[in-house]
Amino acid sequence: MSVSAALDNSPKAATDDIVEVRNITKYYSPDVHALSNVNLSFPRGQMTTLLGPSGCGKTTLLKIIAGLLEPTEGDVLVNGKQVHGTGPERAFVFQDFALLPWATVLRNVAFGMELTKQDKREREDRARHYINEVGLAGFENKYPHELSGGMRQRVGLARALAVNSDVLLMDEPFSAVDEQTRRKFQEDLLALLANENKTVIFVTHSIEEAVYVSDQIVMLSPRPGRIHSIIRPEFSRDADPDEIRRDKNYLDTVEAIWADLRKYLD
Amino acid sequence: MSVSAALDNSPKAATDDIVEVRNITKYYSPDVHALSNVNLSFPRGQMTTLLGPSGCGKTTLLKIIAGLLEPTEGDVLVNGKQVHGTGPERAFVFQDFALLPWATVLRNVAFGMELTKQDKREREDRARHYINEVGLAGFENKYPHELSGGMRQRVGLARALAVNSDVLLMDEPFSAVDEQTRRKFQEDLLALLANENKTVIFVTHSIEEAVYVSDQIVMLSPRPGRIHSIIRPEFSRDADPDEIRRDKNYLDTVEAIWADLRKYLD
Amino acid sequence: GIPAAAQDKGTMRVAFGDVPGGEMVNFMIAVARAAERGVKVETSYLQSEDLAAQAIVSGQADIGVGTPYALIQKVNAPIRMFYQLSMLRFNPVVNGDKYQAWTDLDGADVAVHGRGSGTEAIMQLMAKENGVTYNSVSYVPGSGVRAGALLQGRIDVSIVDYERRRLLEREAPEKFIFLPLPEIKATDEALYANREWLESESEAVAILVEELIKTWREINADPAAIVALREKYNVLPDIEQIEVDELVPAFTDGVSIDLFPNNGGSAESVVEDFTFFTTSGTLEGDAADFKVEDYWYLAPVDAAVDKLGAL
Amino acid sequence: MVVFGTRIPPVFSLLIWIALWEIVGQLDLAFILPPFSSVMQELVLLIQRNDFQAAAWLTFQSFVIGMTISIVFGVSIGFIMGTSKIANGVLGMWVNIFASAPLSSLVPILMLLFGLGQTTIVVTVVLFSTWIIALDTYAGVRHISPSLVEMGRSFGASRFQMLTKILFWAALPEILAGVRMGLIRAVKGIVIGQLLVSVVALGRLFRTFSDNFQFEQFWALTVTLFIFALLFSSAIGWLEQRVEYYAKARI
Amino acid sequence: MSDAPSIATTPPMPMADRETLLGIPIMRVYQGLSIVLVFVAWEIAGLVPISIAFPTFTGTMRALFEMLVDGRLFYAYAETLKPLVVGIVISGTFGVIIGIAMGLNKTAQWFWEPIFVVLQASPVAALIPLITYAYGIGLTAKTVAVIMLAAPIIVLNTYKAVRHASPSLIEMCRSFQGTRFQEIWMVIVPNAAPVIFAGLRLGVAAGFIGVILAELLITPTGVGDLISYNRSIADYEYMYAAVFTVILFSAILVGFLETVEVNYFRPEKKKGQ
């Protein structure tokens, strides 16, 4: 395990960062200062987690990266180029799933492509593929309200995968599903991403989850959010889940982060 | 660690069970069979967790014990005597907190005593004591909407403690608060209960939480809920939280339960 | 129906301030006859007279029914009356169990049509003449409503039109006493329209006025003819059977009390109006100061009477 | 309610009320309340009358036109209010005033401005129903989960796509609820308006019947109107039910 | 772990709703402008005039002022408010009781709900002309008109509010051995209070319509009399002034009730804002 200082990107990552944020500062209003001077790099093909106490600005940062919020100051770079607003290379997975309640699973998954006016036949084929991929084959014609929370989140994930973005942005994707489903989902997500070459930026409150899934953990301090530290957990991801959860490095990382965060709680 | 067979109460517990349920069966309607022939004992002064897949009947069982639901068949015994309906020896802590939005923290905590028409002065003193106990001193005159989720849950806990019941019934008390707060809360709850001589019956979805807090874990099978197995984690609770979470017994128990439950997930 | 041969002599939109009923049959017969001579008439029925007056003033309709003296005086509206349809014939009525004569009404509660209405004027006039003072005067618009309230015993002293008088006599014979009135010569209802419109549509107006006079005279000669005429011209086919049954007795009564003027009004009748309406307070000022041409446009009536001969 | 183990649907309690009405009518307790059965007989006669049919047809036409206009207006106002703070502040003030004001007192003025024809009735319908549709649409727009909007944006939806593919559908349950309320209000508005000015035969019939003590006919006319209002609103209620499933599923 | 050097950053522009013009919130300025615009349009329409029977805004205001000064308006509202207040008190009391009964008792619900739904959805105003025959032309008749229009909405709102009282609060009360009475009085009713009050507010608005209608259709008293009398004597400025006060009064009344509700019945809301 290595705890690198903030702003000090590891040399390997610097060579190929798909997303970079520079000097991001965000005020919601003169007295709500959400983020203060955040600099970060997200290496291509890796999973980065944003972790921090509630209200520290994780969602704000993620939305700025997604282009859904304008930073008060600072730039977002994708593939080295400055971007403004949303773009097809970044796809969002929502905490509350954000499915269209009036559309079937199939239409929901194909919705990103529907908006870019892709041919109906084509987009539905593609949607079907990803519905299979997330394990929902057979549910194409169901409506969201007929699915369990876990299944709905899979639809949201399939939708984001279907538009073939390089970057997946996930805001607490598992917080609305129950613990056991969540644990299953984490394992499935890792398996799925092993095949797809995606860069994932992931917000969570769960230290175990962060450590379990990420290549890089960014810890933010309470509002105004600043980078508190960047941690790169180092244990083999080839082992089976149970072994990872007993790994000393894994447990040490969890422990170190918890020791750090608990001082911010009421 | 010992995994006892279902229905086989450990001899030690049998000697002093504060709550017992016998042959509980519950139908919500002819085709919704929630619980099937459940027999259980809850040893005095211990913490028992009900664990199982979503919809297996945990909440139903807890409400039957609380007297909030009538079982279709079977009895609930408290201190060896059969009971019907609610009683002062059992207090409930609600998942959604169930605070009166129009009442201050003080009145909310004293509400149980207000209902039994205790003297105002007396009950407020008592309420203040428990508000201190759960760490909310200074918030007596706030309204629930001014508090964070974690603080609201503390109010609910203080209210249950204030009526001085022997048994605390908690239905997923931490599921509405964020992960880090939850972790803190677990530790605080254990510390608090170490001083009070309470029997706690606790519903959760989190395997770690169940293993971390309980003396006895009751695992239910999917609907209609039956007892699948009863597990008594055996590791020392005197160690500090971090050590417990690295304890081999702890990790083994978590792993064994997870192996058992994951087959029920979609 | 309009014979195919008749040429178009113009359209007139008539706004009534009341729901259609038996008392309009004579007017509608005249309208049907005017239609035969090429005048197209559209009718609408509004809730009250003042609404109808507003409709005329704002140009939503051409001809109104009523006595808009106050309107003309107050807002200086360019409207003129041009045909006297009926005379003011109201029937003060009391509950026979409680009152028998005008002199009993000291301290009584009286219900009249509206503030400043002819009904109020009559009741106040009679109070003055008989030296009594009412306890209160309340306003209950609609003779029908007052009749209903009388029948229900909700009010004991009121004043109703002759149609409702018949109704009261029918529904509760003996219960009510109708108090005597000295003769009052004033217009109850007249036709009125915009002055400009009257001039520009003179041909159509002339036809209508002629037919009105003819019809009025026919009915005054034989009230029972009303039924045959109604059938002949298929007038107001939808009115209630009760009202149809009442047609002959009602018109017979009406004719007997000179309800329907034979000549459609004249300068003299207008002067009598001035006298009555200044006394009642509807018009402000001294009756002698009023000029006929400020309120009436008598040219069509005069021409028609000339043509048909005065009666 | 359950009697002898059978569940009796709530509407059946109306039968009890009707029976009560019949009894009171038969006993001649109140002369304004004739027995229900004779009212029904009159109702059959009433709906065959030419003047009633003409009035009903005119009213129905005006309704369809008026409701179409107020749906377009109301929904647009609601969307504008939902998307702009300033518009909400300014339009919202007027919409709220008109939604709770006793608009009936304006009907005579409408007649003055819009004449004695169908226009006035159409305007009455619009005046009575637009505001509540606007308010409900506004509530619906405010109710749309922000993440749904963000989802649209993140997948690059154009403004038009956002409106037609997301916002409209997401607010649909509230819009329909608003349309139903607007409809009920419009029926009430027309009746009140016609009682006050009686441009169509409806008001005239009411007056004639009550002036002539024809209470059977009076009640028959009232019952017809009630049935009309209920039928119309349950038709929309049925539509609402169809979209309800996802309204419930929303967070 | 080093914090990044803090660079002085300028806070963003203040948000639109905080903007002020000469110390008045910008929103108020726009609202004021829209009101002025409407009045100017009215004035122009009256000056044209679109009809002799359509007065100007200034004329109407002059008439309004005159009626205020000579007390006619106060007298009229005192008359109008009598049946309104009596009617609202009656339908409020019985409406809330029936509504609560319906919310708590299945049989009561079965019996009452459909009839009130029918009454609420239908144009009961049509029955106002009949009232005279049953209740005469006095205060009683007008009070009945108010009740007819106000009661259904009060009953139904109360019923819905009680029906949807939070089940977990009710369970909480039961789990602490609250009696049925305590459950109703200390949990269900306060929990339902906001919706009950919304219903009362709607009821007052409906009752106001009822009383105005009764004054226009039964016997002209109060404001209804100001409208119909001035119309009958063609004093249109006074008539419009009366109509104007009706709209204004109902807007003020509704706003006032909202304030009362927040201030006296939901302390936590007041504190929260």
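Labels for the chains are A, B, C, D and E, by order of writing; each one numbers its residues from 1.
Note that in this section contacts are C-beta pairs under 8 Å (C-beta built on N, C-alpha and C of every residue); 3 or more make two chains touch, one makes a residue touch a chain.
Chain labels with UniProt names: A, B = ABC transporter ATP-binding protein; D = ABC transporter permease subunit; E = ABC transporter permease.
Fair warning: this is a prediction, and the values are worked out from it, not measured in the lab.
Counting only chains that touch, the fewest steps needed to get from chain A to chain C is 2.
Fitting chain A to chain B on C-alpha positions gives a rotation angle of 180 degrees, to the nearest 5. If each chain is reduced to the centroid of its CA atoms, chain B and chain C end up 86 Å from each other.
Put simply, the C-alpha centre of chain B and that of chain E (ABC transporter permease) have 47 angstrom between them. Computed from the mean C-alpha positions, the centre of chain C lies at a distance of 39 Å from the centre of chain D. Inter-chain centre distance (chain D to chain E (ABC transporter permease), centres taken as mean C-alpha positions): 19 Å. Not a single residue position of chain B touches two or more of the other chains. Residue positions 51, 54, 58, 145, 148 of chain C are each in touch with at least two other chains. Chain contacts: chain D has residues 108, 112-113, 195-196, 207, 210 touching two or more partner chains.
Of all residues in chain A, those touching chain D in their complex are 63, 66-68, 86-88, 90-92, 94-96, 98, 100-102, 111-112, 114-116, 143-145, 163. Residue ranges of chain D in contact with chain E (ABC transporter permease), taken from their complex: 1, 8, 10-11, 13-14, 16-17, 30-32, 85-86, 89-90, 93-94, 96-97, 100-102, 104-106, 108-109, 112-113, 184, 187-188, 190-192, 195-196, 206-207, 210, 215, 218, 221-222, 225-226, 229-230, 233. Of all the residues in chain E (ABC transporter permease), the ones that touch chain D in their complex are 16-17, 26-27, 30-31, 34, 50-51, 53-54, 106-107, 109-115, 118, 120-123, 125-130, 133-134, 202, 205, 208-209, 212-213, 216-217, 227, 231, 240, 243, 246-247, 250-251, 254. Contact residues of chain A toward chain B in the complex are 53-54, 135, 148, 150-151, 175, 178-181, 183-184, 204-209, 242, 245-246, 251, 254-255, 258-259, 261-262, 264-266. Residue ranges on chain C touching chain D, taken from their complex, read 13, 15, 19-21, 44-47, 51, 54-55, 58, 60-61, 142, 144-145, 148, 171, 237-240, 242-243.
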